[in-house]
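Below are two complexes that have chain A in common, paired first with chain B and then with chain C.
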Partner chain A sequence: MSEKKKGLKRLIEFMQDRMPMHKFNFETLVLKKEVPLHRMSWAYYLGGLTLFFFLIQVVTGIFLLFYYQPTVSDAHASIEYISKYVHNGLFIRNLHTWASSCLIFCLMAHALTAFAMKAFAPPRELIWMGGAIMLVLGFAFGFTGYLLPWHQIAVNATKVALQSLDESGHYLPGVLSGAPHYIKEIIQGGPDVGQATLSRFFALHVVILPLLCFGVLGMHLLSVQLHGMSQGVDDLPKKSEKFFPFFILKDLIVWGVAFLGLFILAVCIPFESFYAFPFFQAYNALGATPEGIKPEWYFYFAYYPLEIFPFWLVMLGMTVMGVLLFITPWVFKKTSRRVLTILALIMTAYLVGMTFFGQAIYEIVKGVKG
Partner chain B sequence: MTNKEPQSKAGIENEVNDERRVFVKAACGLGVSLFLLSLGSLGKLLSFFFKQDLTQEQQEQVISEKIQRLKQTTEEQELQLERLSKDYIKVAEFDALSPIKGIYFIDYIMRPALAFSDDNGIPIVISAKCTHLGCTVGQNVDLQGQILCPCHMSRFNIKTGVPALGSPAKLPLPRLGWSLMDVKGNILLTQDPQGKQEGITDTDKLAGSSLYILKKYS
Partner chain C sequence: MNPFLTLVFLIFFCSTTAMAHPEYLQYFKKESGRAINCAMCHVNPEGPEGVNPGQIGSLNAQEKKMLALARLAKPGENIKNPILNDFGNELLNTIGHDKLVELEKDPGAIPGLLSKTSDLDHDGIPDYQELLDGTDPLNPNDGIPWKLFIHNFIKNWFQIMMITLATIFGVYGLYYTILWFLIRTKEEFK
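== the complex of A and B ==
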C-alpha cells in the first residue's frame, strides 16, 4: 500500500517537473524567453517551420473539403473537378500536396536536429515523446491522404502496403501472428481496398488524425514554452537573444520565405508531374495493376529496404527503430552530444541515400542477384 | 536622435511633429499596401468558393463523366450481387480464350482472376491476385508461358500457377474450378480446383460453349 502511494507520488513529482505550470505567466513566456546563440541555432527554426506547413495543410485542407467527395465513384471525379473548374482549385490542391512533402521533410529534419542537440534531456522527455507521436501522425496523414484521390497509384500502393502489414504476421510468434491481419481488416474495412477503406481513410485524414495532432501539438508547444529553448550545445551558450521581438521576427521572416518558395513551387510545378500519367487515371478494379507502383518519397526509407532485403530483417529493423524513437530520452540519457550528432548524421545519410539512390541501389542489388 | 541642440521650445515641438508625421505616413503606407495585398490575394482565395462558370460543353463533359463513373460503380455492385445470388457465373466465351492473352474477370470472393486456354484449347483459369503482396498480375503471357506481376516482378507459370525461381512470390497462384456449358446449360467439360477434369475434351465439340466459374468451388 505504502509503496503504491510512493509510486503515485513519484509520478506526480515527475509530471510537476515536466509541466511546470507555475511558469505559465507573461514574464517567463514573453519578457524573459530567450534563444541561445551558437553554431546550431539554425535548428531552432525547424520546429516553427514544421508548424507553419501544418497550418498551411489545415487551411488548404479545409478549402479542399468544400469540393471533395469521398466515394469510390465520385472521389476521382471531384478531384478532377477541383483541378479543372474551381477557381484556383489546382493551385490549392498543389499547395496541399507540396506542403505535405515540405511538412514531412521538416518533421524529419526537426527530429534529427533535436536528437543531435539532445533536446530530449530531462525534463524534456515528454516534449520528445510528443514530437515522436507527431512524426508517426505525420506519416499517417501522408498515408491516408495518398488514397483519397482514388487514382491507380493511390489504390494500388495502399493495397500493397496493407498486404505487407498482413505478411508481417508470419514473423510473429503464437497469438500475436494474427494481430497484423486483424489490424489490416480494421483499416481496410472490407474484403479488398474499397468504399469502406476510402471512408475510413477520409475519417482518419480529416477528423481523427487532426484531433489527435491538435492535442499532442498543444502539449508539445506548451511544454516547450514552459521549459524554454533547449541549450543545444555542451558548454553553456555565452550569447542569447530575446525571443520577443527578435527571434519571433526572424521566425516570421523564415515563414515568409518558406511561403514564397512554396507558392512558387505550387504555381510552377504540378506535384503529379513526377509520375507517369496512367497512374492518375481513376482506379479500375477490373484491370491490371500498372507497372511501377511506389509509395510517396517519404516512405522510400522503408520501401526500398523491403524490396532489397528479406522481409523479416526489415520488419525487425523498423520495429527496433520505432521502439527506439519512443524511448530515446531514456536510452541516450547519458550519451554525449558528439555521439548523438554522429548518430544523427548516420541516420541522415541513410535517409538521403535511400530516398535519392534507393532505385539505383535496388537495381544494382537485383542485377547482381540476377 | 539628432545631436543638434534645439534652439527653442517651438523647435522641439517641430521636430517631434516631424517624427510623428513620418511615422504616421509610414504606418499609413504600410497599412494601405497590406490592405491592397490582402484585397488581391483574399479576392483570389475567396473566388475558390464562388460558383464555377462552366460552358455548356464543359457541363456536358462533367455530367457525362460522372455518369460513366456511376455506371462503373453500378457494374461492380451488380457483379457482387451476381456472385451472392448465382451458382454459376459466366466468365468468357470459349472461342475468345487465348493462350497468349488472358481475360480478366472477378471471382466469387471479388478478387481478380484470369482465363486463358492451353495449347490444346482447354481453358486455364487461375487467380490473378499475386501471392506476394496482392497486386493484380498482368494478362500477357511471355514466351516461357509466364505472366508477370508488375509490382515486384514475380513471374508465374500459367499452367501450374507456380512462381519462377527468384520471384519474391513463393506460393503458386491458386487454380479455380470451372465448367464449360453450351447454350442449353448442359455441362460439357468441368475441372475442379485440384485440376481433375471430367467431360468432353474434343475442342471441336466445345466450340460455341461458354466458360463459367462455380460457387461450389469457391
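== the complex of A and C ==
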C-alpha cells in the first residue's frame, strides 16, 4: 500500500474513533448511557447550562432583531426605543445582556473543568477542539454585540481593541507585520469605526457567528453523546447513574434554577447600572470621550495586562495561550488529572484576580488612582 | 424694542454665569467614585456652551428669554431653563439661581437642600441620593445596583412569585413526563 493510501486510511480510522457513528442509536444514547459519580460530577452540568444560556441568547436576540436598527444614526435611538417604549423591551434587553455574561462565564468554567477532568483525552480531541472554537466564538459574540448599541463605551472600546490589533503588527517579523493592519481594515471596513464597522459587526453577530456556532455546537453535542461523559477523575469511578432519566432530570432542575436566577436579575438589576451613565449616551464623534472606557468584564483578563505590562509581552502570552488552547489534547496527553487540576486552579485564580482586582492591581502597579 | 426684553438680553449677554459648572462635576465625581458628565443636569452631555441641541448657541429668541428668566429664579419658583434637564431644573427651582451659583464653593451642601422624597425617574432612589451616588437621576436603569435590586424586587414581587411558581410547576411537570416516558420505554424494551 502506498504512503498516500496509508495516510488516508489512518485519517479515516482516526475520524471513525472520534465520531463512532455506529453508536448513534437509541440503545446507546438513551438506554445505556451512564454518568460517572465522583467529587467533580457537578462539572457535568456546566455544558448543559452553557447550552441553556445560548438558547436564551438566541430567543432574546430574535426579539431584539424586530426593533434594532443597525445604522449609526438609528442604532442608539432604537435601543432607547426598545428600553422605553416596547412592551417588556427593557426586560428582554436585560435578559440578553445578563445571559451573555452568564454564557461566557459558563463557557470559561466549562473549559476549565473539562481541562481539569482531562475531558480531552483520546478519543475526545475533537470534542475539546469544538469547545475551544466555541469559546472563541463566545468572545467574538461578546465583542461584536458590544458595538451594536452604538453608545460611547461601545464605540470607544471597539476603537481601542482594533487599535491594539493594529499595533500588534509592530511586533511581527517581515511580511507578517502588515497582517494585523489588514485584518483590522477588513473588520473595520473603513478608515475609522463607522457605518461599515457596524454593518460588519451586525452581520457577524446575528448571521455568521450563529451559523458557525450551530455547526460546531452540533458536532460538539453529537460527539459527547457518542462518547458519553468523560471519566473525570484518575481512579475509575465506582458509582455511576443513568443519563436517562436521572441526569436529565437533575439537569432540568439546574436549568429551572438558572432560569429563575436570570429572570430575577433581568427584572431587578439593569446590567448598565454597573457602569457610569455617560458610557451609555449616544456616541458623539465630536464630543469628549468619557473617562474609564473599558471592555466587558470577560475581557479584563487581557485588558488589564495590556494596561500594566509591555504590549509585546502580553500579545506573546496571549498568542501562546491561544495556541495552547487548541493543542491541549496533544500537549497534556500524559499529564495526570491532579496536575491538570492545579493548572486549572492557577488559571482560575488569574481570571478571578484580573476580573475583580484588575483595576486595583493596575492602580498599585502604575501608582495612579482610577 | 420692548424695554423688558432689552433688559433680559442685557442680563443674558453680560452674565458670566453662562459658563458651565465644572466644580459640581468634579466634586460629585470624587465623592461617588463614578464618572459623570454634564448630562446629569444639562440637556446636552457636552454642557451648555456650544451650538448643538440643548446648548446656548442653539436657543431661539423665546428660549433665550426663558434662559434669562431662569437666571433670576428664586427658590420655590417653577421656571424651566431650556439648557437644563428636569433634574437641573429641579435644582434651580428648589435652590434658586443665586444660591446655586454660590454653592460652587461648597457643592457638598446641594444634596442636603433637595427634597428627600423627590424621585424623578421613579427608580426608588431619591434624586439627592443619586446626586451623591453619581448616578443619573432621570434614568431608571441607572443607580447603585443593590439599591435598584431592592426597589425592583419589591416592585415586581408578584411577577417574581408567579414566575417562581411557573418554573416549579413547569419543572415538576417535565420531571414526571420524563419519568412516564422512562416507564413506557422500559415496557417497550421488555
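Rule of thumb we're sticking to: the second predicted complex is superposed on the first by the 366 of 370 C-alpha atoms of A that agree within 3 Å, B and C clash if a C-alpha of one lies under 4 Å from a C-alpha of the other, contacts with A are read in each partner's own complex, and residues count from 1 in each chain.
Note that a contact is a pair of C-beta atoms (placed from the backbone, for glycine too) under 8 Å apart; a residue touches a chain by one contact, two chains touch by 3 or more.
All figures in this text were calculated on a predicted structure; none of them were measured in a lab.
Student: Overlaying on chain A: chain B and chain C, fit or clash?
Tutor: fit
Student: Mind working out whether A:290 is in touch with chain B, chain C, both or neither, as first, second, both or neither?
Tutor: Touch partners of A:290: chain B and chain C.
Student: Just checking: does A:248 make contact with chain B only, chain C only, both, or neither of them? Give me first, second, both or neither.
Tutor: After superposition on chain A, A:248 lies in contact with chain C alone.
Student: Check whether A:281 is in contact with chain B, with chain C, with both or with neither, and answer first, second, both or neither.
Tutor: A:281 sits against chain C, while chain B stays out of touch.
Student: Examine A:34 and indicate which partner it touches, taking first as chain B and second as chain C; both and neither are also allowed.
Tutor: After superposing on A, A:34 lies clear of both chain B and chain C.
Student: Upon superposition of the two complexes, what minimum C-alpha distance (Å) separates chain B from chain C?
Tutor: The answer is 5 Å, the least C-alpha separation in the overlay.
Student: Hey, what residues of chain A end up touching chain B and chain C alike?
Tutor: On chain A, the overlap between the chain B and chain C contacts is residues 284, 287-288, 290-292.
Student: Given the complex with chain A, which residues does chain B contribute to the contact?
Tutor: Of all residues in chain B, those touching chain A are 44-45, 47-50, 52, 54, 58, 62, 65-66, 69-70, 72-73, 76, 104, 106, 109-112, 128, 133-139, 149-152, 166.
Student: In their shared complex, at which residues does chain A touch chain B?
Tutor: Going through chain A, the ones touching chain B are 63, 66, 72-74, 76-77, 80-81, 85-89, 92, 156, 159-160, 162-164, 167, 191-192, 282, 284-293, 307, 369-370.
Student: Give every residue of chain A touching chain C within the complex, in rising order.
Tutor: Counting only chain A, the residues touching chain C are 30-31, 83, 90, 244-245, 248-249, 252-253, 255-256, 259-260, 263-264, 267-270, 272-274, 276-281, 284, 287-288, 290-292.
Student: Quick one: which bits of chain C touch chain A in the complex? Just the residue numbers, please.
Tutor: Listed in rising order, the residues are 34-37, 39-40, 45-46, 134-136, 139-145, 148-149, 152-153, 156, 159-160, 163-164, 167-168, 170-171, 174-175, 178-179, 181-182, 185, 189.
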